[in-house]
Amino acid sequence: MPTRIPLHRGIWISSLLVLLCLFAVTRVSAEGSETVSFEAALIDLSDPSFAVKQAAVDVIAASGDPRAAALLQALAAGQLYVRDADRALVLVSPSAGDYRLRDALDGSELGEASRREVKKIAINNRMRTQLRTAIAALTLASPDPAVRLRAAQQMLGDPNPLVIQAIRDQLEEEENRQVRDYLTLSLALADLQDPATEIRLRGIDRLSGSLYPAARNGLNRLLSAETDPEVRDAAERARTHIERMRSLNEAAETLFFGLSLGSVLVLAAIGLAITFGVMGVINMAHGELIMIGAYTTYLVQQAMPHWIDYSLFVAIPAAFIVAGLMGILIERTVIRFLYGRPLETLLATFGISLILQQLVRTTISAQNVAVQNPSWMSGSLQINPALALTYSRLYILIFALLVFFALLVILKRTALGLQVRAVAQNRAMARSMGVRSGRVDALTFGLGAGVAGVAGVALSQLTNVGPNMGQAYIIDSFMVVVFGGVGNLWGTLVAGLTLGVANKLMEPWAGAVLAKILVLVFIILFIQKRPRGLFPQRGRAADG
Amino acid sequence: MSKPNPIKTTLLSAACAVALMALTPAQSAEPPIKVGVLHSLSGTMAISETTLKDTVLMLVEEQNKKGGLLGRPLEAVVVDPASDWPLFAEKARELLTQDKVDVVFGCWTSVSRKSVLPVFEELNGLLFYPVQYEGEESSKNVFYTGAAPNQQAIPAVDYLKDELGIERWVLAGTDYVYPRTTNRILEAYLKQNGVADEDIMIDYTPFGHSDWQSIVARIKRFGSEGKKTAVVSTINGDANVPFYKELANQGVTADDIPVVAFSVGEEELSGIDTKPLVGHLAAWNYFMSVDDPNNAEFIETWHGFIKNDKRVTNDPMEAHKIGFDLWVQAVEKAGTTDTDAVQAAIIGLETQNLTGGTARMLPNHHITKPVLIGEIQEDGQFAVVWQTDEEVPGDAWSDYLEGSKDLIADWTPPIMCGNFNTVTQTCLGSEAE
Amino acid sequence: MNPAARKPVEQLRESMRRDRQWRFMYSTLDLELDVSQGVILYLEGLHVSFDGFKAINDLNFYVNAGELRCVIGPNGAGKTTMMDIITGKTRPDGGTASFGRSIDLLQLSEPEIAALGIGRKFQKPTVFESHTVFQNLELAMAGDKRVFPTLFARLTGEQRDRIHEVLTTIGLQELLDQDAGALSHGQKQWLEIGMLLMQDPQLLLVDEPVAGMTHQEMDRTAELLLSLEGRHSVVVVEHDMDFVRSIAKRVTVLHQGAVLAEGSMDEVQNDPRVIEVYLGE
Amino acid sequence: MVLGRLLRDDRGGQAMLAVLLLVAVLVPILNLVVPEGNPWHVSTYTVTLLGKYLTYALLAVAVDLVWGYLGILSLGHAAFFGLGGYAMGMYLMRQIGDRGVYGHPVLPDFMVFLNWTELPWFWQGFDMFWFAVLMAILVPGVLAFVFGYLAFRSRVTGVYLSIMTQALTYALMLAFFRNEMGFGGNNGLTDFKDILGFDLTNDTTRIGLFLASALTLALGYLACRFIVTSRLGRVAVAIRDAEARTRFIGYRVDHVKLAIFTFSAMLAGIAGALYVPQVGIINPGEFSPLNSIELVIWVAIGGRATLYGAVIGAVLVNYGKTYFTGAFPEAWLFALGALFVLVTLFLPKGIAGLFSQAVTWWRVRRPRERTARVTP
């Protein structure tokens, strides 16, 4: 792709590469090797020693060879393998069972190969950094804006004059806004180093209001050295301005963290709000139902290893059904004999939770299992350089709300919901009016269990999936439901989010543990004030 | 309520099972030598400890294939302390008094070791403890085959400092004694190396902490202030997955802020989606990926024994292997399994590490170990990126802590003391008796 | 000071009364029941509303010492709510309720009110099912009901006699060792009345005593209540007109939370408003 | 005499106490007199095991008092047990003196290693046995009193109360895990040397502790009997069955609840204090909410509202645990779980219920059931 570089820019870049090259040669000869040619370097790439590999990378980067960029990117991405037979470098992409090989240089197909025949070229952190710089230099002019962006980010704050020059040229051409930001920022940073006062001032002026950490660090560096009073207080002002904006963003971030934690609590508790809140069953196996949901996700992913990105859409209904059926099973076999004796449901379901845990230990494994994140779940949404919301959290927050409102609709708008509420309020009456309370109970409990399962899918994306994971959520769930007011879905939502935010607000100055303790104490005292939670349920149904 | 002790029957059955498993060629009339196994098979620690139980069973089986010890077969006695600390003490007493075992291999967490320690000292038993730990201890009756802080933490920090040029440090750990001690040692060590206070951030979280958003955000900020930053993680097992996931999601990659972990090994990785971890580091004394004939053989026997070649090997397993070899040698040398004789005999004995080099039992009941730094790869294995030139001797008492820098442990005459104060030339505390 | 400001000040002064400042500074026992006017219960200008619905609406109601008063009225007339206010279960939004002339019931808690000698029998009979009849009465017996005295309490001779006396009054003497849970509906009603008597109350509030009773049982109950008249003041709330006629001297008709009519059974029954209310339904 | 009155119509209790007495007499003899190797010899291991069970039994009795008779399902009694344990543990730590590994004259090892220079105020006085014992009773008592005062005054009942007690013990667990708290963090307190000058590792000391536990259990049992057979006990049952009614006949329900709840908490504290020297360690794990739930289950299995049932339940379940964890490590959780489910389904009155039913079968004159029916 670098073939399309306009001439004058090509000159700059190649001269930059030449410099890198000289640099490399000295380094390499220091390493005691004589290799300078591109081809020889290729051989060195498959050398076990990281030192030799680094030298080789420098050479390749500097060679100006059009194939270099692609090659280094492949290396960085961990697709570059060496074939044991002829030590040829090959690009590997996994195919059914085995590997599909392409020539690393001309990309020509080399057919299938077994895992035995090729060996991956391992790289370490140093090489990653080195590769990124080299690739950046090679791809700053790439037609793909995403690539240019990465390159620009990489070059950010690099004092090397040649790099600055390259950036300056790119800036003239560049039309992508984000890339421009980075390039101008780099230049501004360069300005700070400039001997001329007005240039430094220009740099400061450009930097003020920029939220990039590099900007603030640049100013700090400047202030540590700067003598000129004018420049100093300009820089001071710029920095305080930046700090204020950053702290605002941090506040926003904390709020998001709180809401996200809250959404997790809501998800974990919402199923309980039904089994416990509506049916009055103290369901100690709730945590294990969540666990079942999580394990369903795991199994689904095992079943469709090449479709991880879609696995969740399969997992959610699957988990709902599996956990739901499990719930119905529990209800039919045990709980239905215990209605009106809530405290005894606690004992029975606790027994069930033990059984379910051990069941997972024996059938699947005592170890945790690896549930993967779909690509669209990883990474974060960059609002601005100082504020990024992680996608996984964002989606789970949204998901929690969806589940909540879905439940609300089911309970308030559907026939089932009507019957559920009828049975919850007055079993005998409902029966006499022809509601098949047995069926309703089973379905209600199944619903609650199913929702717990769905929560499990979400949690599997955040934390580890193992036999004990249920235990981690059961207590918090009860807290949320009780705090919100038993039998009131809105209560659960508000309670969950409140506790989440409260927790996160306290964490910075109290620390994670103390924050949790304080929240618990708060709940205890709150319940003394309002013995029936935030939104107490009216009428006789409430008298437990 | 007065009843014949139930456990006997139990252990007989367990013992028989093992005896059957270990069909010894030398089916001698000699009474077997009993090897106690004290690892949790249920509860939270089962995740890690079950493997170690199997390891010991394997070692016993192998030894019996070689014709046992002193012409007598070995017999493993397995109990389940169920991750319950008081129960550890109870079961230890059971092994030593009811089953009269000659040696015990067991424990993982510090608290479980602390819980059984008085029992072993009271009944003068032998315990081989295979897990890296916080040090600050040396008992006449315990042999520490895992790493002491100076065999894991300090070399790791040296690596980050010298190789990766790290200038700012985040010491993140779960709030219990191992991270606390390790971090205090590291803090002292870093300050001695001229690291300023504001360049060290220490953070503790509860067990199984699952919401890392704020902490990772703080780490990110801490790392974005221009200086190269690294995280030294003593975070305990379960909390690691959400931690690494959060790191990855907030865009902290191994080359901006590398994390070096002391409690994440092959076994743990097998239960994690390794994508977000690639490039992060771990410091151990053993990696499954190390290319060494002994290691290859060990892995092969392990897969043969556990009948599943997907299973990984890890550092504590090697520690048990070394401990077992040394114990066998000591018994042969002493010609008896008598505790005091073995204690006297074992000091100074050597055996092969699985990663090359030799492990020697030191007078302070710790051993010499090589230290390896590995980078996590997609396949859940580690690529060794650095290792010490020669083995590091385990140090019972850290040189960087106020209370203990003057203390040494030496179980050879004339000192015969686990915490000997070199300044006052006195043996402190109860071990004096 | 301007009149607008006065009311808050009054309230403040009231709330600052030294003898009312701290609950522990006065016990209910030192409150003297004053029936010098011959009236034992004053309810004046009471208001209660449950989210919008006016259950009690400017209710004025007086009971003389020793009289047997019947209260009738259609459903939702506020009969039970009135009882709740008297026994401290419900706090009114406005108005006063005093026991005798001096004792302000609205200041006191349920146990304190009970200790003053106002006993109540619920619509639905509630006795302690896992205790015997005898024990039920023993528990109800007047006396020091604080924790430690209760812990060390022993039955004295005359207390036993008292219990047996009541047992005979309510006609359960031969069932004294039976679990209350095993009693018939009627027997439970009587036992509950018996428990009221054990507290030898000044004022009994009896809510629907004959609901679901056979005719014989009704007659027994009627006798029982009549036998109380004079010694105690009794307020009976009842739907069953025949029963009311059989015991009532004075009848009060409640309607929509206020007194609609009051007088002898005949007067009340011929009162057009009453007829309208009852036939209106 | 009093004893007679307390045990009237309490055949289960009589039997239980008889067995207890028998064990208390036999075990020491079989342990000390009968030589090892003799099949009748009871090992010290078994003695400590029994001692542990007895403390659990006492704890169960305490729980049964509030749950069975007062209808308060406390999921926080492990907290009181743990606090009692810590009080005793602190005393034992102080007894170590300068025999700790760092040889510090006063500070326990974990403080030395946290670089603490002097003893925090709340560790003062725990070098005196009487003080420690006092605290083992008072601290849980006060906590229960404060908590109960708030809860009962504002009429927090039923499930809400249960969950709150759970929150209480959960908060305590998290707090004690923190090393800054000064209770040894996750490692807790351990490596005890001696108690009242007697070497803890000494057989006779263990026997002594065992006997102490047996005696305390007996006394605790009788104390609870005294309460439940008194009028207060009947008031308690009345509250359990019809709280509002009890209020209307003039009892201060909240006071009654508070008194009994506090007493029960103190009992739990004592149990904890006896537990620690016998198992040799106390750590925050004891506060885990699951423990609380489990001990409620002991009571349920033994038979709610029958004090001796609680004792039976505690001993049986724990014996079962000791046995199963060894017998089939992989499957014992199945067994335990199934046990809980089946008992709640088929034995609502627990094992004690079975007994009384059996008795009623072959007895002509039916003895009055003081074991009230189980109502939520």
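Per-chain residue numbering starts at 1, and chain names A, B, C and D are given in the order in which the chains are listed.
To be clear about the criterion, contacts are C-beta pairs under 8 Å (C-beta built on N, C-alpha and C of every residue); 3 or more make two chains touch, one makes a residue touch a chain.
Remember, it's a predicted structure, so these values are computed and weren't measured experimentally.
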Identity of the chain that, by mean CA position, is farthest from chain B: C
Pair sharing more residue contacts (C-beta pairs) when A-B is set against C-D: A-B
Rounded Å distance between chain B and chain C, as computed from the means of their C-alpha atoms: 74
Whole-Å separation of chain centres (CA-atom averages), chain A against chain B: 32
Interchain centroid distance [CA atoms averaged], chain C/chain D, Å: 44
Chain B and chain D: spacing of chain centres that average the CA atoms, whole Å: 36
Multi-partner residues of chain B (at least 2 other chains): 42, 175, 204, 206
Residue list for chain D, restricted to those that touch at least two other chains: 174, 177-178, 330, 333
Residue list for chain C, restricted to those that touch at least two other chains: none
Set of all touching chain pairs, with the criterion as stated earlier: A-B, A-D, B-D, C-D
Interface residues, chain D side, partner chain B - complex: 19-20, 22-23, 26-27, 30, 42-46, 48-50, 52-53, 96, 98-104, 110, 112-115, 174, 177-179, 185-188, 190-193, 201, 279-281, 283, 285, 315, 319, 322-323, 325-327, 329-330, 332-333
Touching residues on chain B, where the partner in the complex is chain D: 1-3, 5-7, 9-11, 13-14, 41-42, 78-82, 84-87, 89-90, 93-94, 97-98, 110-111, 114-115, 117-119, 122, 136-137, 175-177, 180-181, 184, 204, 206-207, 401-404, 407, 418-419, 421, 426, 428-432
Residues of chain D defined as touching chain C within the complex: 227, 230-232, 234-235, 237-238, 241-242, 244-253, 255-256, 259, 368, 372-373
In the complex, chain A residues that touch chain B: 50, 78, 122, 124-126, 128-129, 132, 213, 216-217, 220-221, 253-254, 257, 260-261, 264, 358, 361, 366-373, 378-380, 388, 390-393, 461-464, 466, 468, 472, 504, 507-508, 511-513, 516
Chain D-touching residues of chain A, taken from the complex the two chains share: 276, 280, 282, 284, 334, 337-338, 340-344, 346-348, 350-355, 357-359, 361-362, 471, 475, 478-479, 482, 486, 513-514, 516-517, 520-521, 523-525, 527-529, 531-533, 544
